[in-house]
Each structure stands twice: as structure tokens, then as C-alpha cells.
Amino acid sequence: MAIMRLGRVEVRCPNWEKSIDYYKRVIGLIETAREEDRVYLKAWDEHDHHSVILKKADSAGLEHLAFKCEFSSDLDLYEQKLNNYGIDTERVPAGTRIAEGEAVRFTLPTGQIVELYNQVEVVGNGLALVNPDPWPDGLLGMHPTRLDHLLISGEDVDGAIKIFTDIFGFHVSEQLVAGEKNDQTIAKWLFKTNTAHDIAIIKGPQNKLHHFAFWLDEWVELRNAADIMAKNDVMIDAGPTRHGVTRGTTIYFFDPSGNRNEVFCGGYITYPDSPTITWTEDTIGKAVFYFERELNERFITVVS
Amino acid sequence: MAIMRLGRVEVRCPNWEKSIDYYKRVIGLIETAREEDRVYLKAWDEHDHHSVILKKADSAGLEHLAFKCEFSSDLDLYEQKLNNYGIDTERVPAGTRIAEGEAVRFTLPTGQIVELYNQVEVVGNGLALVNPDPWPDGLLGMHPTRLDHLLISGEDVDGAIKIFTDIFGFHVSEQLVAGEKNDQTIAKWLFKTNTAHDIAIIKGPQNKLHHFAFWLDEWVELRNAADIMAKNDVMIDAGPTRHGVTRGTTIYFFDPSGNRNEVFCGGYITYPDSPTITWTEDTIGKAVFYFERELNERFITVVS
Amino acid sequence: MAIMRLGRVEVRCPNWEKSIDYYKRVIGLIETAREEDRVYLKAWDEHDHHSVILKKADSAGLEHLAFKCEFSSDLDLYEQKLNNYGIDTERVPAGTRIAEGEAVRFTLPTGQIVELYNQVEVVGNGLALVNPDPWPDGLLGMHPTRLDHLLISGEDVDGAIKIFTDIFGFHVSEQLVAGEKNDQTIAKWLFKTNTAHDIAIIKGPQNKLHHFAFWLDEWVELRNAADIMAKNDVMIDAGPTRHGVTRGTTIYFFDPSGNRNEVFCGGYITYPDSPTITWTEDTIGKAVFYFERELNERFITVVS
Amino acid sequence: MAIMRLGRVEVRCPNWEKSIDYYKRVIGLIETAREEDRVYLKAWDEHDHHSVILKKADSAGLEHLAFKCEFSSDLDLYEQKLNNYGIDTERVPAGTRIAEGEAVRFTLPTGQIVELYNQVEVVGNGLALVNPDPWPDGLLGMHPTRLDHLLISGEDVDGAIKIFTDIFGFHVSEQLVAGEKNDQTIAKWLFKTNTAHDIAIIKGPQNKLHHFAFWLDEWVELRNAADIMAKNDVMIDAGPTRHGVTRGTTIYFFDPSGNRNEVFCGGYITYPDSPTITWTEDTIGKAVFYFERELNERFITVVS
């Protein structure tokens, strides 16, 4: 019984046509299906049908995020655990969205809708399963290999984190704390895989998305991504730079609808016995932007 | 209950003084303890007391390999499972080697001694746990971040693999097969973490070590590692090149005692639902050395 | 008869002890000589005795810059040409500074003192001249390979540029222009070697230094340099980013005395027949910082 | 009066159609013109009409190599110098090949035909001359930025080198020597630009081409190039590896007609006062392949 990974995000896009073009041609995701108000996309090295769903909407933001579980039976088990914990759940029937099986849905104390699922159509990564080459031809734009993580905000950060650690077995890789005794949570970074974070939660406006991130393999791909942003008039929020938190390297930027994206690269490997690293509020600049050592106003205030 | 990672290898070193110098100054591991016939070493970004033990011996080879489990109670559980499976186990008392707690020991059908443990002294990675920098000063040589995986050989490959998949929950990321129906195993690559492999097993001489590998973060560090090998007269077996299997990039080379080392970088992320990739025997060159597309004789025949 | 390269800069350092430590340990230059009020430094891959002289002083700024000529006789020839052009010259006797031969000295219309020289002691780059390794051990900090270029400001930019093109045979690789007809020079980038620029001149305060730059071979070394800046509390002005002008990648930062430094990497190769690239004033942000597409106030106003 | 660069090579291709496809789609050169028995190609960042001419022929090899001079008048001056030196020249009329002006032609003591020219049509590098982006979209394959250098063989190496140094003002960056007194030339590497070599000459079969090389900016592009070779069944001769000579990193491989190509990256900057580095015959392995420290038989014996 286990969550395997952040499986998908569904993102609201008021600037509809431009956003579709952007995620396909500039980010370089691959379209796998389309409905009137949804476009289904995957990063090239993902095997599942989609990891990003664009949703036609009046305002930007996160429609839902979902974790893929190892077994079908995990849905029952997690549902029971959530209910025991006092959290209501509902079942999202198979076929509600294209290529997806049934899901268990609940709401985080920070306001975001989360789904747990196991069934989704597998379409492969474009490479043969026998004697494959290392990468396919014809990739576009930044072509990240996969969806990596997201950062969400809300009021009850500790409450949300407790669900991830107590029910889903996530661990805290890093935390940013405030207060004279450093005992007030500003943000925590959580991992279930061996990466530095699968999800992070920060104190802030309820039910908001700060950013979701795609994985790039190397620092040099960040330069390439930044070139592509400049060539395509994509607004860069910060970077290329390094995070103090996770040690990863990064660029933050905005999609045409106003959702913040990140391309993220690097960071250390984690295990259940990895120590939690703490950043104190006075070092918040370095924690977030290690090179600049100060936050920009936009980074703190703009969420979608 | 879970194995977290390949925790350590103990390697026999007939060329004793030169091997110690090599692992410390050329590879860039950090010595944490020493006995008359053992030197304990860790890669810089590992938190545990050691991941490599050099053992003074008359011939090269693998003394034992060990996996770190998440919980102390895992030792009892795995011991029971192994015994039920018909595999004898013994307990290695705490303190048998420096900084180590109790371990469960058994022998693979391919001949290697494996230990399972949970307790080991934690010494940290040289960085603060509060507001750390991304890397410490004063690193030497290639300074890999950590031990990554190993490749062992033996006669009953399928038998050994079955233990990893059935008892320990490993998955097969890739396999190299022979025979008209591609149903004979030459080698399989197994993962428990989200990396492309934690251990691999190849048909060959019983109870032998083909190589153990250290992790480097980037392709450019392989060039640096190769420079360091050339400057220090380290014999390179192959590389820098890419593997077909795992897509990782690599250099194989020998320690002064004749044990093959690897520096490995890259490869895709794995999950329990990752498909198994198959390489057929006619493509073995590309499977192992994607650029050269042929094996060198030494790579196939030399083990320790 | 030819200028071979920007041979040295002499920089005033009010923050004397900290600046010496910074250039040696953080930048990673090598000290080759010291007087009471001067420290002589070289980048590791330079063969001449020094390329940077730190001068104890009450305020930051550029004491002089100097070009190395191919032949001793070039001094006479250039002196004649300068005098014919109406520019006064004087001879700086050999031995005025350590390891230096005679120089011809004159003042640019933008106010900076320039010297031309051929003689300087050669100390080598730390590698053997027979069967050398590609790099020496023991380098510190960012360890750039060499001094690359500098950017100076003054009022009569066109007058200064004319001297470089007409007398010294420099070519203009790029220019930033203003005015309705794009006929007013804001800045020009000039090359004599095959690099994208050896010197650049920008309209601004008379006799000021905007920055001088060290060469790094690869984008990944910029990340390393930024890490070192953060670890050593060096103030970063901008970057890591890319320039529109020259396509080079860059970080700007300040020495402890307030002189702006750059580490620069990349850019195209130039030849005498390379076309001049023009940037218009409305695109000045992209010209200077291609990723951000806007200048920071500090970058425009702070000179030393 | 000066040679600016190696301007073009004309290469014989018996495997005609496959060679055209290879140079365009695999190497990633851009076709600018075609005749019945010639295809004209340029690397993307070159401004001139072509740098590589493929010539339909019965056997592989070098038809001619050519240097671009700064001024038209250089042709007269160099012709005079060559004649004074006892070397016959002839004039190749403008229009003999597409887009080319007049050239002066002569034969090296090592047998190769060399042309000197100034006039050639300029077609640009695909980027605007006003406010350009750093690279154009739509590049294919390895897409090197430019032709870099070539290595030719013949009997009278010293005679050929003397022409480059005495008449054309080239300098020797490195030399490989034999004999008890290290006074017999095996090979010399010559530069006129600030790169580590523009041409190299090695003792061997008369009038042969060992390889010609394209420039890549970074080590990571060599990995990409090797991937492309493997995906397209291009035979790799050696690499990715580093040269001892020039410190550059490299892959050698063969075009479908049997001409050896190289992608080359890095190496130090040179100036007229750069010291000459010497490699002794016992270190020839390290001189050529720094990582492997031994030559492969094919590399020594196969020329075209």
C-alpha cells in the first residue's frame, strides 16, 4: 500500500488557446486527448496517459492534484484511513475524465482537492520496450521528462502536512520556520519518492497554487529553457538560480493564464531516514534563492 | 517494512596501502574509522557512518553487501520470510564491525553474502542541519555523493532475482535475455528506490563482483573523473560512455586491488509500475555501451 | 604589428586586506608578487607574470588597463600612430612595476589610462611544457582561466572607439544605439582577438570602470561560481544569465572594494569579416540580460 | 594581410546520396547550393555561403582545403611570397564553384591542394543583425556552429609546416616528436586564430586526410552527438574522450563515404606568444587520447 508519485495536476486556464500552445510548443508536453474544455498532456518520459490537464476556466488556479497509488486496493485502504481521521471522501467514477479509472477524492485543510487513483491508461514514453534508444526524436521546447512536484498554500499548513505524514507516510525533507523558538511552520517540503520533494505546503492564501514543477535532468537544460522563455516572451519570475532548500536548481515563470510553472533540476536523494533540514526565517532569502539571497515581492505575493 | 537502499559493500583489497590512498584521495571518500584490517569510508553526502569497507585480504572480491532497512523490526520480518522461503539466516551481532548494529545475514544462490540491517551510527554529511550550504568545502578527487549500486555474477541468476522480487519487493527495470524465445536470463537490473537500479545480477562465475558504482550528478563530472583517473594512472576499462540499459552515463575502471569501480550518472526515474525493458542478446553491445555498440573482452571476463 | 590581448588591469582597492583575500581565495587568482601597496595576481592558465594588479587606494576604480603587443617594436609604431593622431604619449620605464618592461602610456577620450607593452616576465601556467596534464591540482575558488575583457564608461564614446578601430585595428562586434535614426552610440563592443569582445565602451560617467571580466569555460562553472559567491557573502549584481550582446553567459558581482567583476563564458567566435550586430535602445533589457529582459537600476548606475 | 580562418574543405564522397543525407540530417549542416556533382553546405553559425563541399567521386579523400584572407589584396601578396619561396601557384577563376570569387591555388609538400581566397557570397547565420536571439530554431542533428580545423598527412611534414609558419604566420601550439633527441617531427598543430589549432599535419601517407573537425561549444553536446551517432548507426572511431594535445574534448567518427570527421570542443586560447607544448613519442597514447592513454590501430592507419 503506497502512493507512488504525484500523478497529475489539473490547472485552470482562462487564456485558453495561448495556454494550450504554450504547454505543447514552449514547455514541450505531448497532447494525448482533448475535450471541449480540457486538454490532456504528458511529459515525454511519462508512461501514463497524462500528468497535466488544462481546464478551460474563468480564472487561473488548481482544479485538483492527484497521486497514483501502487494497488487498486490502496483506494479502499486510504479511504478508510482518511475517514477514520475525520476527513470526508467521495468516489470519482471511472470515466469522469478521459483515460482515468476511479479515484478517491478529499479536500486538504489548506483547501486543495486531492485525488488518489491507481487506474489510468498507459500510453508509453515513445521508446521501444525492446532495445530502446535513450530519447525519442521530435521533442519540442523545454521537453521536461516528467511532472515533479507542486507547492500549494493555505492557512492550516500543519494540518495538511499531518495528513501527508500520518496517513500517506510522507517524510519532511526540509522546513522553514518562524517564531522565537523556531516552532511556527512557514513551509514544509515533503517526499514519498526518493526525490527531495513531491509536494510542499506554505502558509498563505487558502486553496491556492504557488507553482507546479517539471523535471529537467541537467543545469544546462535550464539555460536552454530560459532561452526558450526569452524567445517566446514567457515571463520569468526568478532564475536560473539555486534553491537553498533541496539544493535544486530552478527557473520560475508564468504560463499565459497566470499559473506559475517551474523547471527544476537536481537536489539530493532522500530516504525515510534522511534528516529534516531546517531554515530559519531570517535566512528565508537564501532558503528560496540561494544565489540572490533575497526574495522578490512577486514570488511571495502572486499565487493562482 | 522496507529495504531503503544499498547501504554498504565490503571489498577485499590485497594491494592494501595503495587501495586506501586511492579510495580516499582519488575517489574522494572520507575515512570515518580504521582497524588493523579494515578501513571504513563514506561518500560525502551520505549520513551514515560508512558505505564502503576496505578489507585487507589476499585476493580481490566482495566480502559482503548490505541493505539498510527502514525499521529495526524489519530484521525479524525479513528473517522469517527468508526462512519460510528455505534460506538459512544467521545474526551478526552488533559491534562485529565498527559503528554497526545487529544484522541478518544470508547467502544468495549466486554465492554472495548479504546482510540486512537498520542500526548504524549517523555521522552526517558535513553540512549543517540548519541553513546549510549546498556542498562542503575541501572535497577531494571525484567525490561522488553516494554509493549507488552493484553488479554481481553467479550461476543461478533467476534464483537470486526471485529473492529480491518475492521477498524484498524489488522490481525489474531491465533485462538482457538470450535463447530463441528470449526466455533465458543473461542479466537483470533491479530497483527498490526510484533509481534505475540498486543491484544487478548477471550470469557468470559464482560469487563474483563485477563492479560497484558511485553516483555523480552530471555528465561533466564524468569528464572530471576521467581526468583524475588519467592524472593518477587509474586504469579505465570503458567510458565515458552511455549505457543502453538505464540510459545512464558511465566510466568503468579498476581500483589498485583489481576490483572494478564505476562512476554512474543519470538514468530515468523508476516506480513500481515502470515497465520492464528488454534487451536481446544480439544487441548486447548497445545494451551495455550505447556509443561503442560492442563489448570489450575485458568487460565480459574480468570479475573479482 | 598587433595587439595580442588585454594583458592587465590595475584596480584600486580601499578595502585592502579583504580584497586581497577575495581575489586569491574566492576568485582563485594566484599571487605572484607583492609590494607595500600592490599585489600582483594571475589567472591559472595565463603564462605572464600577472594580469590583475590590486592597488591600495582610498577609492575603488581603474588605475590603468594595458594591452600586450606582439613585438617590442610595436611600441614605437603605435606611439607614432597615436602622436600622428594627436594623442600625447609617455613612456613608462621598465621596472616601474614588478616584472614589467617598458610601456607606452596614453589617455583615452573617455578618461582611462591605457598602456601598451610587450615585455613582461613569463612564469608559466603551472603545467609542464612536455606531456602536460589538462589542469593543475590545488586551484581555489572560481579559478577562471584568464582575464577576458572590460567595460569602461566615459563621455566621448565614439572618440574612444575610433582609436581602437583606426589605430589598433579592433573591430566592432556589437553596438547599442539610440536616437530616432539609431545613430547615437550608447555602447560598442570591440574585438581584436577571435572572442566576442576584448573591450567595450559605454556612454556614462567619465573615466569610470563598469566591470572587468574573467573567463570560465562552461555554463556549469557559472553555477559553481555563484555557489562560491553565496558561500562567501559576495554580492551578486545579476546572473547567472545570458547576454543578448555576445550571447555569452554571465554573473556580475562586486569585489569587497566595490569594483564590479564578471565571470563570462561562451559567446561566438569573431573574425575581421564578422558582421556588426546592432541593438536598439528599446531592446536594451534583452541586449544586456537576455533572460530577464530588463536592467536593474544598480547595473546602470554603479561604476567605480 | 592575414589569413582569417580555415574557410572550407572539399571532400570526395563515393557513397553519394547517403553522404548528403548524413551531412545534412546527422551532422546538421545546412545546404546552400547544389550542382550535379557538388553539394554546398554551411554550419549554422557561419556567415559565408559554405564551408564544406561534398564532391561526388569514386573514392574518399580531400579535394582541396581553403583559407579565407582578410583582404582581396592578400591574394597577390601571398602569391608573391609563395612564388619567391619556390612554390608554384595558379589562379582559380571566380565562379569555378558556386558563390566563390577568385582563389590562389598551390600544392603543399605533403600533397594537399590549398586555396587562398577572400571573396565568397555571404548568406548570414539565420539570425537577425538587429536584436538577434542567441540561436535559430529548427536546427538538426549535432548542428555544430562551424568548421574548426583539419589534420592532414604526408611525407614532408617539416616542409609543409614551414610554409604555414614562414609565409602565413601560423604558430605551433603543440608538437609530437620522436628520436633520441626528440628532434624528429611526428606531428605539429598550428594556429592562426586564437584557437588551439586551425590545421595539423602528421607524418604519414602522402596527400591524405586524417580528419576534419566541427566545433561544439560544450562537453554535453558531445554526449548528444554520440547519441545521434548511435541512433543513426554512425561508426565511432574514438571518444567521447579528451585529447592531451590541445586539452580539447572529442569524438572521431566516419561519414558514409569513409572520411573521418571529428566533433571538437574546448582547448585553451592561443596567442602569438603562447609557448609550444611538446609530446614525446612514448606518451603518444596520452597525447591523442588522454583518458585511454593508448591509440587504437584504426586511428593510426585509416586515412582517406
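For this structure, a couple of remarks:
So that you can tell them apart, the chains are marked A, B, C and D in the order they are listed, and the count of residues begins at 1 in each.
The rule we apply is simple: a contact is a pair of C-beta atoms (placed from the backbone, for glycine too) under 8 Å apart; a residue touches a chain by one contact, two chains touch by 3 or more.
Just so we're clear, the structure is a prediction, and the values are computed from it rather than from any experiment.
The chains that touch both subunit A and subunit D are B, C. Between C-D and A-C, more C-beta contact pairs join the chains of C-D. Two copies of one chain, subunit B and subunit D, touch each other, and the residues they use overlap strongly: the shared fraction of interface numbers exceeds half. Distance from the subunit B centre to the subunit C centre is 48 Å, each centre being the mean of its Cα atoms.
Here the spacing of subunit A and subunit C, counted between their Cα centres, is 44 Å. Measuring from the averaged C-alpha position of subunit C to that of subunit D gives a distance of 31 Å.
Annotation for subunit A: residues 134-135, 218-220, 227, 230, 242, 286, 290 touch two or more other chains.
Touching subunit B in their complex are the following residues of subunit C: 133-135, 137, 218, 220, 227, 230-231.
On subunit B, the positions that touch subunit D within their shared complex are 219-220, 223, 226-227, 229-230, 236, 240-242, 249, 286, 290-293. Listing the residues of subunit D that touch subunit C in their complex gives 2, 4-5, 45, 47, 68, 70, 122, 124, 129-132, 134-135, 145-146, 193-195, 215, 217-219, 242, 244, 247, 266, 268-269, 271-280, 283, 286-287, 290.
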